[in-house]
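Below is one structure, written out as structure tokens; the observations come after it.
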Amino acid sequence: MPKDMTNGTDIGIFERRESAARSYCRGIPAVFTAARGSILTAQDGSEYIDFLAGCSSLNYGHNDADMKAALVEHITADGLAHGLDLHTDTKAGFLSAFERHILVPRGMDHRVMFTGPTGANAVEAAMKIARKSTGRTNIVAFTNGFHGVTMGALAATGNGYHRGGAGMDKQGVTRMPYDGYADGVDGAALLDQMLSDASGGIDAPAAIMLETVQGEGGLNAASGGFVRKIAGVARKHGALLIIDDIQAGCGRTGTFFSFEEMGVTPDIVTMAKSISGFGLPLALVLVRPEHDVFGPAEHNGTFRGNTHAFVTARVAIEKFWAAKSFETELAGKAALIEKRLTELAALVPGAFLKGRGLMRGVDVGSGDLAGKICARAYEKGLVIETSGSEDQVVKVLAPLTTPVETFEKGFDILLDAAREILDMTRIAAE
Amino acid sequence: MPKDMTNGTDIGIFERRESAARSYCRGIPAVFTAARGSILTAQDGSEYIDFLAGCSSLNYGHNDADMKAALVEHITADGLAHGLDLHTDTKAGFLSAFERHILVPRGMDHRVMFTGPTGANAVEAAMKIARKSTGRTNIVAFTNGFHGVTMGALAATGNGYHRGGAGMDKQGVTRMPYDGYADGVDGAALLDQMLSDASGGIDAPAAIMLETVQGEGGLNAASGGFVRKIAGVARKHGALLIIDDIQAGCGRTGTFFSFEEMGVTPDIVTMAKSISGFGLPLALVLVRPEHDVFGPAEHNGTFRGNTHAFVTARVAIEKFWAAKSFETELAGKAALIEKRLTELAALVPGAFLKGRGLMRGVDVGSGDLAGKICARAYEKGLVIETSGSEDQVVKVLAPLTTPVETFEKGFDILLDAAREILDMTRIAAE
Amino acid sequence: MPKDMTNGTDIGIFERRESAARSYCRGIPAVFTAARGSILTAQDGSEYIDFLAGCSSLNYGHNDADMKAALVEHITADGLAHGLDLHTDTKAGFLSAFERHILVPRGMDHRVMFTGPTGANAVEAAMKIARKSTGRTNIVAFTNGFHGVTMGALAATGNGYHRGGAGMDKQGVTRMPYDGYADGVDGAALLDQMLSDASGGIDAPAAIMLETVQGEGGLNAASGGFVRKIAGVARKHGALLIIDDIQAGCGRTGTFFSFEEMGVTPDIVTMAKSISGFGLPLALVLVRPEHDVFGPAEHNGTFRGNTHAFVTARVAIEKFWAAKSFETELAGKAALIEKRLTELAALVPGAFLKGRGLMRGVDVGSGDLAGKICARAYEKGLVIETSGSEDQVVKVLAPLTTPVETFEKGFDILLDAAREILDMTRIAAE
Amino acid sequence: MPKDMTNGTDIGIFERRESAARSYCRGIPAVFTAARGSILTAQDGSEYIDFLAGCSSLNYGHNDADMKAALVEHITADGLAHGLDLHTDTKAGFLSAFERHILVPRGMDHRVMFTGPTGANAVEAAMKIARKSTGRTNIVAFTNGFHGVTMGALAATGNGYHRGGAGMDKQGVTRMPYDGYADGVDGAALLDQMLSDASGGIDAPAAIMLETVQGEGGLNAASGGFVRKIAGVARKHGALLIIDDIQAGCGRTGTFFSFEEMGVTPDIVTMAKSISGFGLPLALVLVRPEHDVFGPAEHNGTFRGNTHAFVTARVAIEKFWAAKSFETELAGKAALIEKRLTELAALVPGAFLKGRGLMRGVDVGSGDLAGKICARAYEKGLVIETSGSEDQVVKVLAPLTTPVETFEKGFDILLDAAREILDMTRIAAE
């Protein structure tokens, strides 16, 4: 038996054969074998509360019983696993549920484009659509925006570490300060001025693309006023408005779309992460019919429309979004999160809350401190991660379905971890 | 009941809500509900032999019994559906099987990087790795090459229709003629001369990237001599050799990798399509340790490493590649395909065979004729598609596991369809 | 005699054979035959006071007697007209005078690179030097900046009309708001924040490039404080500071360099326009020795170092810059210009002065009004042009050597023209 | 007196203050003070025969008596030195002469655009025109092409040393093999095939740009057949044909334009170098009226239309091109050059002649040998330079007006120099 063999698993294989690009497993080294709801189980039987939720890809928790049943039934009945972009009953089922429960009630006439099943692919498609539809190339993106790391999307991503990974220049994107980024600077007004000015030096944009809450960028939440202003700037200058709702959508902010209560209707919306409901790879672009300009397969890819994901996605829509009760439940949980994070912030001088809805965190001032708190929490049975340009934000992205008692237990762990780390820091400083 | 309701499925939903970018469903309009092995079943109960195999994503057929069982067991036991890039027993299981049955026997010390689960994402990662590792930006790609449609990959894709979809210029790629592309032009020698010449005007490349058989480009098969020459040119000029084995890999040419018998070991190999075995989204990059240069999450993405796909991928490797018997079986089927396609080619003046192994087709001289033959075959119960810059190639990409009798039946349909179309054409011309 | 023949000149030739790209001659259609000091003479004998000065290329007026004599002597003696970048006594003469009277007194150890004799070529060289020296590609430029229209320089130019002329995307430049551009926005502070932030989304710059007074952009004058802050941001982030002094240099702001009294020493300075003294094509780049990184001819061109221009440039330096008296004289004239433009501004509600030194103008609020005033002034014998993103600034760029009485006469014409236009506008409105 | 003072000239100034980018003066270190016809005079009184002619900028020799007289008269009469793009009698004079003696006799309806006075600026304008006129961005250029070093033009230049000077990627150009570049490769046919093929991977070009003889690239002369084929490919694919005649034009190949006897009429022609006749900076673009698409000043620049250069350019056109006698004289000199270079080639095993007309050279097989021969020739009183990607070609670019006896004397020196170097090499080898 190889020396790295643990409970039948050769864990040396990761070191030996997996690329150095692997990341989460570095801070969370357990070998996971099962998961249900908000609980992850490792190979040694230890359990962890999940405040990471696959970076918001598991908004309905792990292995939801209804989705699981539907998926097993589908597979057992030899339902298609892979159908290219052929018609299937499962795709029709998802589209119908999405139309009925999501689009129609929100007055959206958007069409659904299934892209390759990664958020980055949806973003690439959205950028291409905007460029093709407008005949322009420039896309305005924002400080701390994160949209993926393939070349087109990466141009829009602000993070310098990821940008550097390209090994070459990116093009086609102009960067502007996000809401609240720089004291006294209204990014929307500055953008409007530069675009209105014949010598502003910013080419007329195909689109303005933003997240309403910047998940990777540090849980920066734009105000409704800012988003409306941006929507106005886009309209005024003939640009499309793209809301990248990959992390903030699917209920994460308390409503299905993150922009619902802001009074704007984007021309294009990108979705991925939790859209399958079950954590399966699926991504899509919502696009107004007048901008649905791709010809057949003009943007193609083998895995467009993951049939298994359609099965679970339909269940997720029908189970959670057919009635208003889920939204009501989310509001309560958002209040709980705010209360407990306020307690956390109170422990750290200068710390403050960030984010919106169930996409919240605490900026503790340094990536070092945030990292230590998360590491200590992990030792105590809580999976939680940092966010922000300096990883200075302790980020809570729990499944939206997390029971209140589990939430409380997770926060108890988090606060204990924070207290222990702060005590140690205090002692070390004395 | 809505007027488009068929057997409980609202098929008007596709027209109403799915993006115009959908494609395969246009020529193959059936609504599919189940599939097993090489047979697809539509909602109305009709069956189709599958000579498309999810564009080579279903090399082991639909719903292979062993993979299916393993997957259902995994789901039933609350195995993870989504694990970011955390350690899981399923990932370890796949990596161990891949190491033992694929890498070690072929003397490859490559590391495995799980990228976002699309082929394009693997290609983007490969291009970024080459650029980061060499500090150069130029990548040489070839006429008729197809590598995906996200901005980085699209620069390397030759197809003008897809290139146009970007709505902007692509950068970082130099195009060269592929093996046999232009009479009397040795693309490898020309590339070598231009790179050797201080005024050749081609910047020193980070990589040379090619498919050994161009699947989308018309089933053009490069000779071993050409691939070896290209490998030599890469080595001579300090460039990495990237083999894009997304379509041609996983046994499609008769061996696991398409380049196995050519005497070259690429620095980087991209894989997707059939790597999960079951048609589930999964993509990976094999990279030599010395070029495994990404830092943690430098190339990231939520769906890197699809846990369900790891389950089926492990079974696929163990079931088909642990012994030599599958390769032997493939050789027999390749001969069968060649025999039957030779019959097809004999029907059309000037037609000729293309491709290699089980990735074969017949160039019938025009996209119109090829399209008509495939459409007629579909009416008769065979799903088959065209390929090539003018869609002039009738392409056979059946599951590798297709039983001989099913193969024969499929070819019978194809030949009948061809005869009927040719007869009609002849009559129309008279 | 062709119908367009006037005084022996076939003026129809311009319409017939000169490209539609010609511009100044559209608003100033006279055919000029001679010029001396600040007076232009047309073919029909009419004279014009020159408040345009070749867009600041004739800071010492037309046909300065001393330069003229030296140039005629040089030509008569078969001095070289073209010497590539060979050593000539004339080049040595210019360099020695420039070293003694310009560089040494200002404590500048910069080297002189003669580029192709256009300002744009100097800017292209400066950008290339910064990129080669730092190994970075991004260059920060500003709203309303104008740096030329060749592809590298055009990326830095803000004007949308000129940018559009490229017919393709520009790359390698990030745009920031200039001093005073947007209310409440400190462009230097915003730039610093975005560069300091790991997710600011602006790649580390090779250089920050600016004009201290934006000549084409509307005579926007940066404060010394802003320029010093920018210099600090450049230093902090490892970027070179490039001052484009093509229009504002050679005494235009009252000192030889426009930045002399600001307490900064740029790493690179671009010069053209008046550097030859006589209006002959000459351009150069001043670069600190540690950034003089081009190898021999790495940036080349046939007309680098115009020998005739060296002759006049040497005389210009020795005649005007060997002593302080010229600067004193300029201060007086700057005061005169300010006084008279204040009178002009008083005529137009909301009008205000712009610029600095002898590079001044009045923003009259609309391009239409500014254009009419200049057109009327031309009819009355004054050549004067507009500037700014909407051409809304009446711009005075007279030869620095313009006698006081000529200045007054020119301003009398300008004010009369303004009054006439305003009267007409008033009457039309009633 | 500083130690570097020589005959009143401080030659240390070059080392001290001129940029390291200076080049010709490194191999030809004399300080030149005067020049007439084909003779250069250095400060110490020594004379040199000029076989470099300002890289073809002095086709009519130094200080031609008629041009000189006209220029001195112009200056003495206070003719304009700088006139922006205003109408002047001198510009009219040049345009009229150019129309009468050059354009009309050759049936060319082209318009003349005066760009910034560098060849690179003319190339940048030409590329922008093609892009704006066609709405496409790609421009096809060739191996060993040299078109200048500003960013737009540099993308088209093949030389890697110059390309590297940019410090960043170039874009918008596709490289193809020039006539005779690679054995068995017909660059025109390959280009046609790749453009005709929907998956050829070369975007539809705005223009194909080439020199008929590649001056910097090693005196590679395209055949008329190749140029006609390229013209046909351009026409077939909707691209403009740009002939860069900057070095090969103005009589250098024996006719005014280098393409005159090839049966093609380019859509755009770039000219610079000898167009002023006197070595003064001047550049222009000839463009067919239907492609004269720039708006006023859309491509601008201060020194467009050098007035002094117009004076001499008019004289040059009238003196040399009004009658056929000059062309006849050139044919004789071309024969002389060929004869003497054949003698040179006979001295070096494997050497062979290159070029066409009076733009000839000998490829001696190595840059080292060519450099030594030129250096020895310089010591003996002949200024001559190398060319080619490895500087392996001894290049003769004498003034076209060089008297036969001076030609013979120059060649005598060159052959003596070659013999001496070859003897030394032989002795060293023994």
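Chains here go by letter, A, B, C and D, matching the order in which they are written, and residues are numbered from 1 within each.
Definition applied: a contact is a pair of C-beta atoms (placed from the backbone, for glycine too) under 8 Å apart; a residue touches a chain by one contact, two chains touch by 3 or more.
Source: prediction; values computed, not measured.
**Student:** State the pair with the higher C-beta contact count; candidates are C-D and A-D.
**Tutor:** Higher contact count goes to C-D.
**Student:** What's the farthest chain from chain B if centres are computed as the mean of the Cα atoms?
**Tutor:** When every chain centre is compared against chain B, the largest gap points to C.
**Student:** Taking the mean of the CA coordinates per chain, how far is chain A from chain C in Å?
**Tutor:** Whole-Å distance between the two chain centres: 50.
**Student:** Where the centres are mean C-alpha positions, what is the separation of chain C from chain D, in Å?
**Tutor:** Between these chains, centre-to-centre, one finds 30 Å.
**Student:** Roughly how far is chain A from chain D, going centre to centre by Cα mean, in whole Å?
**Tutor:** 58
**Student:** What are the residues of chain B that contact at least two other chains?
**Tutor:** 137, 161, 168-169, 171-172
**Student:** Tell me, which parts of chain C touch chain D in their complex?
**Tutor:** Of all residues in chain C, those touching chain D are 8-11, 13-14, 16-26, 28-36, 40, 43, 52, 54-55, 57-58, 62-63, 68, 71-72, 75-89, 91-93, 95-96, 98-99, 103, 111-114, 116-121, 124, 127-128, 130-132, 135, 137, 148-153, 155, 161-162, 164-169, 171-172, 206, 272-273, 278-281, 285, 287, 292-303, 306, 308.
**Student:** Can you check the complex and tell me which residues of chain D touch chain B?
**Tutor:** 137-138, 141-146, 157-161, 163, 169, 171-172, 174-175, 177, 181-182, 184-186, 189-190, 193-194, 197-204, 217-218, 388-390
**Student:** Please output the residues of chain D touching chain A within their complex, sorted ascending.
**Tutor:** Where chain D meets chain A, its residues are 168-169.
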